[in-house]
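Two complexes come next, and they have one chain in common, chain A, joined by chain B in the first and chain C in the second.
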Partner chain A sequence: MKNSLREQLGAWLFLSPFLLTLAVFFVYSTGRAFYFSFTDYNMFSEPQWVGFANYISLFQQSLFLRALQNTVLFSLIVTVVQCFLALVMATVLNQKIRGLGFFRATYYMPSIASSVVITLIFLWMYQRRGLINYLWTEGRRHAPIIVFFLVTVSIIQILQVVIERRRGFPARWVDPALTVMSILIGTAVTAGAWVFGFIAVRDLPPVDFTWLQTRMRIPESPEFLRVPVPLIAIMIQNIFTTIPTLMIMYLTALQDVPKSLYEAAEIDGAGATQRFLNITIPSVRPVTFLVVTLSLIGTLQMFDQVAIFGDAVPLESVITLAYFVYNRMFPGAQLPQVGIASAAAIFLALFTLSLVLIQRLFIKSEVS
Partner chain B sequence: MRIRSVVTMCLVIGLSTIAVLSSFAGGAGEAATPDAPVEIRIMGYGGQDPAIKARLLDEVIGDRLSEQGIVVTYEPLEGDYNAALFNALSAGTAADIIYIPVETAPGIIDTGVVANLNELTDISPFIASLNESYTFNGNTYGIAKDFNTLAMFYNRDLFDEAGVDYPDENTTWEDLDEMIRAIAAIGDDVYGAAFPASFDRFGAFAFAAGWDMFDDDGHSDLTDPAMQEAVEWYTGLVRDGVAVQPSDLGQGWGGGAFATERVGIAFEGAWMLGFLRNEAPNLEFGTAMMPIGPSGERGNFVYTVAYGINSQTRNLEQAIAVLEALTSVDAQQFVLEEGLAIPSREAMSENEYFERGSSESDANRVVFEGAESGRVFGFQFGAVGTDWMTPINAALSEVMTGEASVEQALATAQQDLNELLAR
Partner chain C sequence: MLFLKTDENGNPAGTTTEDSNITFWRAKRRWARVGIVYLVMLVFAVLFVGPLLFAAFSSLKINPLEYPPSLRIAELNPVNWVTAARLGNSGSGNYWSGGFAPGGDIPFDIQYFIPDGVEQQTPEIQVPRRRPGAGLGAVRAIEFAADHAEIHDLRVSDTEIGRHEVEDVERAGRFVTWSFRITYAGDGPKIDRVPVDILAAPQHYYISSTLPASRLERRGRVVSFVDIAPGIGRYVFRNYARLFDEARSVTTGQPLFFAWTRNSFFVSVVRVFTNLLFASMAGYALARYHFRGKFLVFLVLLFSQMVPAQVTFISNYLLLRDGLFGLSNLFGRTSLLNSLWGVIIAGAGSGAAMIEAGKVFIMKQFFETISRDVEEAALIDGANQWQRYSRVVLPIARPALGAVAILTFQGAWNEFFWPFIVLTSPEEVKTLPIGLMSFRQTYGAAGDWGLILSGAILSAIPVIILFVVFQKYFIHGVSFGGSKG
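For the complex of A and B:
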């Protein structure tokens, strides 16, 4: 009895630093926020109890509704795209190819760089005279050459495969040796056509697409699916920086998948796509649950990119729930609206929790 | 049993936390003994301000204050100043003297945390439009430490190349229109002026057209013809491709665009001087008063920050002494002659510094005179703060990028603004 008491005390002692910080910065502050969400308070007046008025007022503010819509769209689109792409990339990097370590390191780079730095770099790329519009412009100008090249290569490839098959060899449509030949010949033909003036770079004005300073939303309808263009810019950036982390998780899961499964499937005649759909996806299901959960929580609380984009974008085009909370708590120059901010924060917490619970219904966390 | 022990543990932890925290809180701000010097704390901006304050104390007012038994400590709040200040004031840890940015003034003074200066010191030597921004119901709560207004900064080389006369204090919108088009004609990459899609610059033009931000009932009317005219003129030049938004040159503000030497005119304040000294030291620039608009007058903003006194201070008398020293004639003379800021005392207009004839002293003079010429308003928007500008900024941006017509954009902005004001 005495021993077990001493053991318990020891445990509490070791836990106390964490319990203390948790108690002060989590339990206490959540409790306070919960209380404030039912009051009218600006940090200087006495908090006035107003019941559910803050919650009702939230749903009457168009900025909050936009924040809610932006958050949901952002979260769903980004989660789906980045989880899918992470799995594809992990599958590719799980092959035995030359320079694997190099590719793994390169693809992981975006996750190491700080989110602030990446956001600033992307801000430059999204300028109206920035890299993205520049590449777009060059792509459009060189479109005839690119199309000509692709068509030539395809024609040569088809010709080669047909000839090989006539001769009785079992050539695949993407046979590597033939493909290399096609690309070489295609390049030569394209270069020739370009030099002799059959095809030319088009003289088009530069693309002037506004990524940031715009309130444009696409598509035109339906209303609930309209994503503001600046939000798409943030989505692209967010996907780019988060994929590598998720990819690593998938990669570790993939290494536990028995090679024999793939070999057996290959013998039975399954192609790459079928192996991916029928072996890879089911075997990494528990990791998919983890990845989707983390991704949902991360995207629902997205804040930093909006904060750094700051004045470069119209607020209502990129505002998320987390930024709405901040915006009401620390507005430009007016007094804080602590009650509204707290109500929005509590709403965000409950909303996140319920989305994760719903998600559990669709993705099982165990391999069945 | 186990649950109970967990509860007990939580209680113990909670109580000890409170005990520890309250012992910290108790330590701050003991009353001063008669002999020990009294410490007066000032809370203000980070950036350059700590260095300026240190020099001011060292070289000008420090000795005088220490004779009175006062030690001054400057506490810069880096980052978001307003948020940090609100926090400190609410928690009771704010300094004796605080910076009050003009756009924050209406909200913060309304809470009663800033002392009324009417009975405490003489505010009459300071420029009237500055005092007005800190006066509510006849009581004045802040003395402007320095200020800024907008001026036309023009690139002499581009004007010479285009063969146009420099702008001066008689330049009207029509004259300016011609100048901008002439300069833009120099080349594809050259623009007549930088027009940000932002009310903090555009406002001066709206005032020149005769527009008022608020009517007597506190409403803002964006459908007013004067507003419409100003928006059409301002955005029209950008739509015609003769003026440019700074963001289209990859710059965050008009000054950045001006420093690329591809823009003829930028509308900025004296904060441009330090920036140009570093970024474009060879740029030959001149300064003129803001142009005269359709109302027959020019418009301008006063941007200012005042010293206010925390009404909770324990050393009111000494705080007043420090406030008076900071805004004294010699302190302001020093700040002006060092080119650090523009002083808020009316009598400073006589200062010989303004007659030196350099580009910088000229610019400072134009900015100084801007506060008393034409329709000048403080950079403040009532209790809603700078959020008030958001709908108008969005409208300007929409019109400039061709996403909406002037009427459409202003109608949307009016709706958003009404919702904001009703909040």
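For the complex of A and C:
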């Protein structure tokens, strides 16, 4: 299609609403944030040029350093855990079976609701006598039964595999048919032992772990790894809501990996772990890049959960860089520190960008 | 078959029987694997939907923080539904929403176990003047059932000898049932609920009542009912009714939840239309035309996706505060803060909420995949640029427009950061997510989670419906590379 001057003008007209808003609300505002970051400005007076003073002052503020530490810990731990778990789950689910669509839709539920809805539900579950402490209590009470069951299943499984091998069948240690049998027999044996009183539920007081109003940090040392407990609560919630999304991205990619590759590896005697390491991980590398990038950006800029947890947790325990910016813009009773807020925001942007670039180089170099 | 070198007698393998043996052996493994995969999927489903469903069920409870948490919910027991409907009818003639109106006459029974050797004393029945809920509920003057209720005919209606376990010891004694009626004295307004407290003597152990007790206080001596004439609707969905009854605007008296829902719909729907129109126009221009500066526009578009909302919101907040170059006068105000139009027109993150860069990108990607032939034909027929776009291209673009509409609605409905910055006061100007957060502050501190959970569940329903109906758009949305929201 030839583009006359008239047509070009038309194109600009088509673009104009978008360009106008992009210019005002993105280009201008980014520029202004950049400018503010070099000034002392409280929203009411005229901005005063102060050079790099704001950036230097940032690194002298304990709240900022805490926000930086929280953000880095949060981002790295959550990204690693959720990307890995999403890939493992996708591998398990990568089967041609009926009803997959229904299950996929189900898993997607937590990620379509708003962050507020999910956070409120989790806050409720994190109460001192909430669902999470209850499940923990029940797990501890039933520990003898769970351990007995697992040990029984393992013993039966080992016995069965040995017998099958002696009969000449190529049974693997996690042979599915034998596992089903082991689980069924193990359940029966455990139920029997429970009924006849060989094992019993322990009588323990309810777990009263404080998830929210606490300054506790885990582990006690080293200093740079001490994660505040309320931040762990947000990590669990974040992993819970993001895994399904990432899993679906992985699942889409895995379905393009030819089945024959796995079959060939199986014939060559590669185990499930070897196939996972040598076939699955390399073939989804491009998706891994996307998933890790999205996860990094999302976690580095985590804001909603901190704001919604609000005064239910100590601020220092959960503050992130994104929330620090907000906190300096609207510091309650004090005057806004727009300069400091802008400097922190610019820092956050550069920090995100550089981490994404670094991981890109990292994954790229693995490809070659 | 390399493994099957010999059979049990040490003879060379490979006979027909052996082959069918190993085929059957392998088939068994395939079936078992499918079984295990279904089991694992079921476990995942419980893991991911379990918390949401549990919260949904618990939102029906009077106290969702009941310990131990249980799914045996009195509100879901059909026997109680029948009772609640009957009581509601006797209180106000309304089976569904109950209440207390002139002529109301509510019969009620309560049964205690009294061990042998304990003197039987008639319990005290009281209709307390209790305000429902905390904080936001306290602003409104309400009528109290206490001002109109009269208690009649308090008497023992039944005594039965029996044994009952009391503090881990089975004791002999008697089950005593007291009956009474609460009537509406004279004329007056209809009252929403009739709370009742029943104080019994020591060692009178509460067994049951017409409707199960809402809570036991003072070590079981006070049996408290939040409403003894609820009607079936108010009984099952009590917290949902409270959502609209209690939290009201200070100035207008309108239910806040209603205002927030309306605001959320307004913002979401307007954003869907502006994005459909402007993002498709921009995407079309970027996909179809070559002009100077196109690469730069595209670069800025991509870059805008990478800059965090925390960078842009500072200036955009100030722009709205100062009235956006006088544009605010169009809406008759000097500032666009605390205005829904402010939320729509400006934005944080990639540009304006009304034309999202991400949506422009989706449209551009789509237009690049469709053939130019039809447009060329229209060009020959003498259609101008706008006609080619609106009459030829847009109808073809229906699937992409559908995706943009649904993703925009979901994103707008769930958006937190930008509305949180712009909408701060009064309460009724907020959107649902921001409003729910103030619920958290007022009711969470009081440990009243029924209202918070029911608000959260109710606010999620529109996107859940949208998801169930248009599932494929959501799943595709993920592969468009957009994160959630």
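Just so we're on the same page, the second predicted complex is superposed on the first by the 333 of 368 C-alpha atoms of A that agree within 3 Å, B and C clash if a C-alpha of one lies under 4 Å from a C-alpha of the other, contacts with A are read in each partner's own complex, and residues count from 1 in each chain.
One rule holds for everything that comes next: a residue touches a chain if its C-beta (ideal position, glycine included) is under 8 Å from a C-beta of that chain, and two chains touch if they have at least 3 such contacts.
All of these numbers come straight from a predicted model, not from anything done at the bench.
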Overlay on chain A: chain C relative to chain B, clash or fit: clash
Partner chain(s) touched by A:24 [first = chain B, second = chain C, both, neither]: both
Partner with the higher number of touched chain A residues, chain C or chain B: C
First, second, both or neither for A:352, with chain B first and chain C second: second
Partner chain in contact with A:331 - chain B first, chain C second, else both or neither: first
Touched partner set for A:127, first chain B, second chain C, both or neither: both
Contacts of A:214 with chain B and chain C, given as first, second, both or neither: first
First, second, both or neither for A:238, with chain B first and chain C second: neither
Chain B versus chain C as contact partner of A:70, first or second or both or neither: neither
Touched partner set for A:157, first chain B, second chain C, both or neither: neither
Which of chain B and chain C A:280 touches, first, second, both or neither: neither
Overlap of chain C and chain B interfaces on chain A (superposed complexes): 8, 12, 19, 24, 28, 43, 124, 127, 129-130, 311-312
Residue numbers on chain A that touch chain B, as the complex places them: 8, 12, 16, 19-20, 23-24, 28, 42-45, 61-62, 124, 127-130, 210, 212-216, 311-312, 314-316, 330-336
Chain C-facing residues of chain A, complex: 1, 3, 7-8, 10-12, 14-15, 17-19, 21-22, 24-30, 32-33, 36, 43, 89, 92-93, 95, 97, 99-100, 103-117, 120-125, 127, 129-131, 134, 167-170, 175-177, 179-180, 206, 240-242, 244-245, 248-249, 252, 290, 294, 297-298, 300-301, 303-304, 307-308, 310-312, 321-322, 325-326, 329, 338, 341-342, 344-346, 348-349, 352-353, 356
Complex interface listing, chain C residues touching chain A: 3-8, 13, 22, 25, 28-29, 31-38, 40-41, 44-45, 48-49, 51-52, 54-55, 58, 64-65, 67-69, 278-279, 281-282, 284-286, 288-292, 297, 300-301, 304, 306-319, 345-347, 350-352, 354-355, 357, 360, 372, 375-376, 379, 385-386, 389, 410, 413-417, 420-421, 432-434, 436-437, 440-441, 444-445, 449, 452-453, 455-457, 459-460, 463-464, 467-468, 471, 474-475, 478-479, 481, 483-485
Chain B residues within the chain A interface of the complex: 5, 9-10, 13-14, 17, 80, 82-83, 86-87, 89-90, 101, 103-104, 107-108, 110-113, 197, 245, 247-250, 252, 380-381, 383-387, 390, 393-394, 397-398, 401, 403, 416, 419, 423
